[in-house]
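I've put the structures underneath this note.
Okay, so chain A shows up in both of these, paired with chain B first and chain C after.
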Partner chain A sequence: MTSPSLKRSLACLWWVLMAFLYLPLAVVVLFSFNSINSSALFESFSLRWYERLWGNEQIMASLGHSLVLAIISSVTAVVIGTLMGYGLYRHRARRLGWLIVLIYLPIVMPDIVFGISNMTFFVRISSLTGWLSPGLGTMVLSHVTFQIPFVALIVYSRFVGLDATLFDAAKDLYASPFDRARHFIVPSIKPALVSAFFLSFTLSIDDFVISFFTAGPESSTLPIYIWGAIRKGVTPEINAIASLMIAAVAVAAVISLAFTRSKGSDASR
Partner chain B sequence: MSKRPFERSVRQLRFRETRHLLLTTLPGAFWIVLFLVLPSLYLVSMAFLTNGTYGQPSLPLTFDAFRQLAGFGFLGWSPGNLYTLLRSLWQTVVATALVVVIAYPIAYYITLCRQSLRPIMLLLVVVPSWTNQVIRAFGWMNLLAPDTPLSNLAQSLGLIAPHMGLFPSSFAVTLGLIYNFLPFMVLPLYAAFEKLDTTLVEAARDLYASPLKAFWVAVFPQTLPGLLAGIVLVAVPAFGMYVVPELLGGGRSLMIGNLVASQFAGGSNWPYGAAASLLMLVATLLGIFLLRRLGRRAGGGEEVVI
Partner chain C sequence: MKRGITETLANESTARKASSITLEGVEKSFSREAIALDGVDLTIKAGEFFTLLGPSGCGKTTLLRILAGLDTPNAGVVSIGGVDVTAVPPHKRSVNTVFQSYALFPHLSVEDNIGFGLKMQGVDKAERTRRVREMAEFIKLSPLLSRRIHQLSGGQRQRIALARALVCEPDVLLLDEPLSALDAGLRGQLQVELQRIQRRLGMTFVFVTHDQQEAMVMSDRIAVLNDGKIQQLDTPRAVFERPANAFVARFMGHSNLLEIKRRGADRLDTAIGPLTLPADAEHMNDGDLVLIRPETIELGDDALGQPNRFDATVVESFYRGSHFEYRLQVEDVALTAFSSNQGQKLFAADDRVPISISPSDLMTVRGEGG
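What follows is the complex of A and B.
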């Protein structure tokens, strides 16, 4: 049906797109090995920016904040979101319109409005009560808010994929709800729990805008540090730390490819 | 007269079901209400307050912030904010249109390739969007800066003035938006193309339809649900974009998200910023509502994601 010439020009377009998608990242990686502090002229290969990374306490502290924030918020969101996904599934026959609206709200809310509403709210609460002053704590609260919907939707769709009669069988088999959860529900949605955790983790690590507005002076994450360095124009190590983050994404991509290969399912998240 | 035991047990069951629903969904619902709905209401209410002496919102209730947003200041009316709003809309429309034009052939090309290659190709399209958006914008800053190959090429073609870079500019902002959101259009379009009924296309070609006509009558209607889903995923976040205009636009190509942020950071006029946020929220919800209605009419039904 498709003529060979059309297919050839489509293939051309594909390679142009690949260049477009990967060139900006390649430039960052290339200049991270530059021996001089320039992003226009490549002089010679050197690892000096990577060596300077380890000595930069601010970068190391921001990396720590990013990881702590991502892990704590993801674990919290998986617990709360899984409960919610299960509730949505068990009671799907009821009209849950208000709940659906509530779940989609964090997804459709513009990041900037989300971040600023949280900032003003936390600032107000802390000036009234002394609690919730901006810092890692408030960032965890905000991150969990945008992670819950994704966890709930992933878990919900996994439940929908299960055979509904299994639930009746489990009810006959295990008397207490706790036993049912431990021996039937959790094991059967394990893949969904794993992917919900990793998606939450990625969302948290990737987030800049919401973190930027809810962060305190001592809790900047890696993207916030990079943002500040770019704005101030002092960026020698930025290429190096950015390259390491790109490398982490590449590793994640390979793992996810291996995962989909072994399961033979589709690659769309 | 006492209730029959049967009725009592039905009521008991209903009570237990409701309790189960509340126990499972209430923690999450409560979390979202407490940390998103209440803060948003607080922010929106701030739009109706007066800007105090120290940039803090205070009573009395006024519409001053909205007047300011419409462009009325101390020196009479100025079109600055209107331009920002129009620029945001324009950038969103242009970037979305270009993303559609690029994503259609790409999504189609992926379906032409071998089954075993397709997951890898989709992954290759998606992977750049997994890197942090600040880093992606930084990459473009490096690529488009003055005295880089691309900027020199544009100079020799006479597109930009000598010793200027392609960045900062509104062109760089459009490019950044396309770069950010392209995958969100390719994925739903690919899903639509994969299910495409090709016999319709063949029938159109057999009836001597031109390729363009065949696309219009046989392909476009079938991929419309995917397209609309893609537009929701691209246009809505593009309209509220903060990072790309801030880094790649360089002060002259700001969008409404930057207007909001500047009132809370440097400008410190919270009611004014809150009024702009309210405008953004209304525009976003309106956009989603309109696209959903369009999707229903096109018969998309469940495929329109949001």
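What follows is the complex of A and C.
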């Protein structure tokens, strides 16, 4: 049995861990509301740094790039990843376990390797054909590539959770292949699709390394801007951007999680 | 306009269209070792309650899936209502299935589940709503229409699955062990109800089960399947009382089977001793089995002075209300006997009891080899 003192120290450790994880974030958020330009002294509450952000064209442009990149890549990845997840599910009897390894690879590969290899590839293609010169297009391609496995796995596990007889029931009840997709498959996996979209969105907004290697001169995203800006020191402006990103990512992650959870409730019998 | 099911029910003299089914040389294997159907020829009459009975892995579910179009046979022809449907995909067959797991769509309400087939057939919304409501009324589901599937009990799901299939008014209704997940009381009730629905609609029902009691209660005819082949196809009474071979006899629950060791002019040698032959015994041969039904064994004083008399020891006795059940031992052979309760004494374990079997109650069953 665990002694009361051990229990207390474990509880203590929990709070220490939480503080370690969230205190730095809290400090960033706090100082984004600082009225003076200091990262040591908090004077009074103010929104001046947020107002400053609004007026900064470079930041607004990067924010735009980030959002466009995240939305386009997530939508594309959800479409392709869903088809992939469905394919894996339909052919699960053929023991395609080894394919999963291929799918996992982009997930476990270090971002820097992934980013550099993408960059090298795009540069070579570009020098040969003139296509795929670095910019938003190449960034979308790279992001879609690393988002697909996440989408495929979420969708696949949703399919595995469905009663396989439902596919037979849909056929038996006069649904043509198109009707099956529209009236059965898509509605059945909708929570997984929403969850996959927001997870992809979060991954894309977050990403610095891969974007850094595949971006062009006119397509820097928010993380790339921040990286450039902090070489001149951390300003309260950076704190404000960071706080907004924390909020955006947290919202997307919560939505993603909520929809992942909801599969339990309506797939259960 | 198509007649609604409840209109049909209101006017029982109206015969609904029903379709016959013919299978010719249907074969299906999933791999070289796994042969599910080994050349099945079968005719199911229009409007019949037909049961495919057999142990798990006998091919009965595969046969049902071939009728539904969910599996394609490797060889053979499937016709429904005289039309070859072998290559017709499931969504273009006027056949609906009640699945063992019910397979109700979790993302839809009860009403939308029942209406799914009609919607896919392009029935407009007003007509669909009318027919779904009508069906819900008929199957006593009306209060549940707006519920979600996960809020319902097994019995309710079963009814919805049935309603969803029936509302499409198919030529043939297929039922894949639809009652196996329910408790005994509910199962008995739904057996009666299913039979009633089938009689009133006059629809062709093909029912799959591994429960011989269920098959006997409900069916017009039964096909007993084993190893992908039809072992016997007949009425419930014929299948039970005149099983075609030892497999059918055992599967129908007969336990008193004795091998004929040698046949003489007027008697048979068996493990319990010599048996006097019935008058029409010409088909009893060496290697066949003699079947003694438990209820045909006379016990005690009734057995005295009768032919085929043996001395038995009671191993166990059970009081079953309407009848007594005995596990007997004659020589080294175990026999089961039922005697109907007419107020007589219930023998106890270790009692020595005379038994007799009338020659006319002896039946032959072809041996496992034949």
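The criterion applied here is as follows: the second predicted complex is superposed on the first by the 236 of 269 C-alpha atoms of A that agree within 3 Å, B and C clash if a C-alpha of one lies under 4 Å from a C-alpha of the other, contacts with A are read in each partner's own complex, and residues count from 1 in each chain.
Definition applied: a residue touches a chain if its C-beta (ideal position, glycine included) is under 8 Å from a C-beta of that chain, and two chains touch if they have at least 3 such contacts.
Small disclaimer: the values here were computed from a predicted structure and weren't measured.
More residues of chain A lie in contact with B than with the other chain of the pair chain B and chain C. In the superposition on chain A, A:Leu17 makes contact with chain B only, not with chain C. By the touch criterion defined above, A:Leu53 reaches neither chain B nor chain C. Look at A:Leu67: by the touch rule set out above, it reaches neither chain B nor chain C. Contacts of A:Ser188 after superposition on the shared chain: chain C is touched, whereas chain B is not. By the touch criterion defined above, A:Leu244 lies against neither chain B nor chain C after alignment on the C-alpha atoms of chain A.
By the touch criterion defined above, A:Gly81 reaches chain B but does not reach chain C. Counting contacts by the rule stated earlier, residues 266-269 of chain A appear in both its interface with chain B and its interface with chain C. Listing the residues of chain A that touch chain B in their complex gives 1-2, 7, 10-11, 13-14, 17-18, 20-25, 27-28, 31, 39-40, 80-81, 83-84, 86-88, 90-91, 94, 99, 102-114, 116-122, 124, 141-142, 144-145, 148-149, 152, 202, 205-206, 208-209, 213, 222-223, 226-227, 230, 238, 242, 245-246, 249-250, 252-253, 256-257, 260-261, 266-269.
Note for the complex: chain C touches chain A at residues 65, 68-70, 89-92, 95-97, 99-101, 103-108, 116-117, 119-121, 148, 150, 164, 168.
In the complex of the two chains, the chain A residues touching chain C come out as 162-163, 165-166, 168-176, 179, 183-184, 187-188, 190, 265-269. By the touch rule above, chain B contacts chain A in their complex via residues 17, 20-21, 23-25, 27-29, 31-33, 35-40, 42-43, 46, 102, 105-106, 108-109, 112, 118-128, 130-136, 138-143, 145-148, 179, 182, 187, 190-191, 198, 201-202, 205, 236-237, 239-240, 242-243, 247, 257, 260-261, 264, 270, 273-274, 277, 280-281, 284-285, 288, 306.
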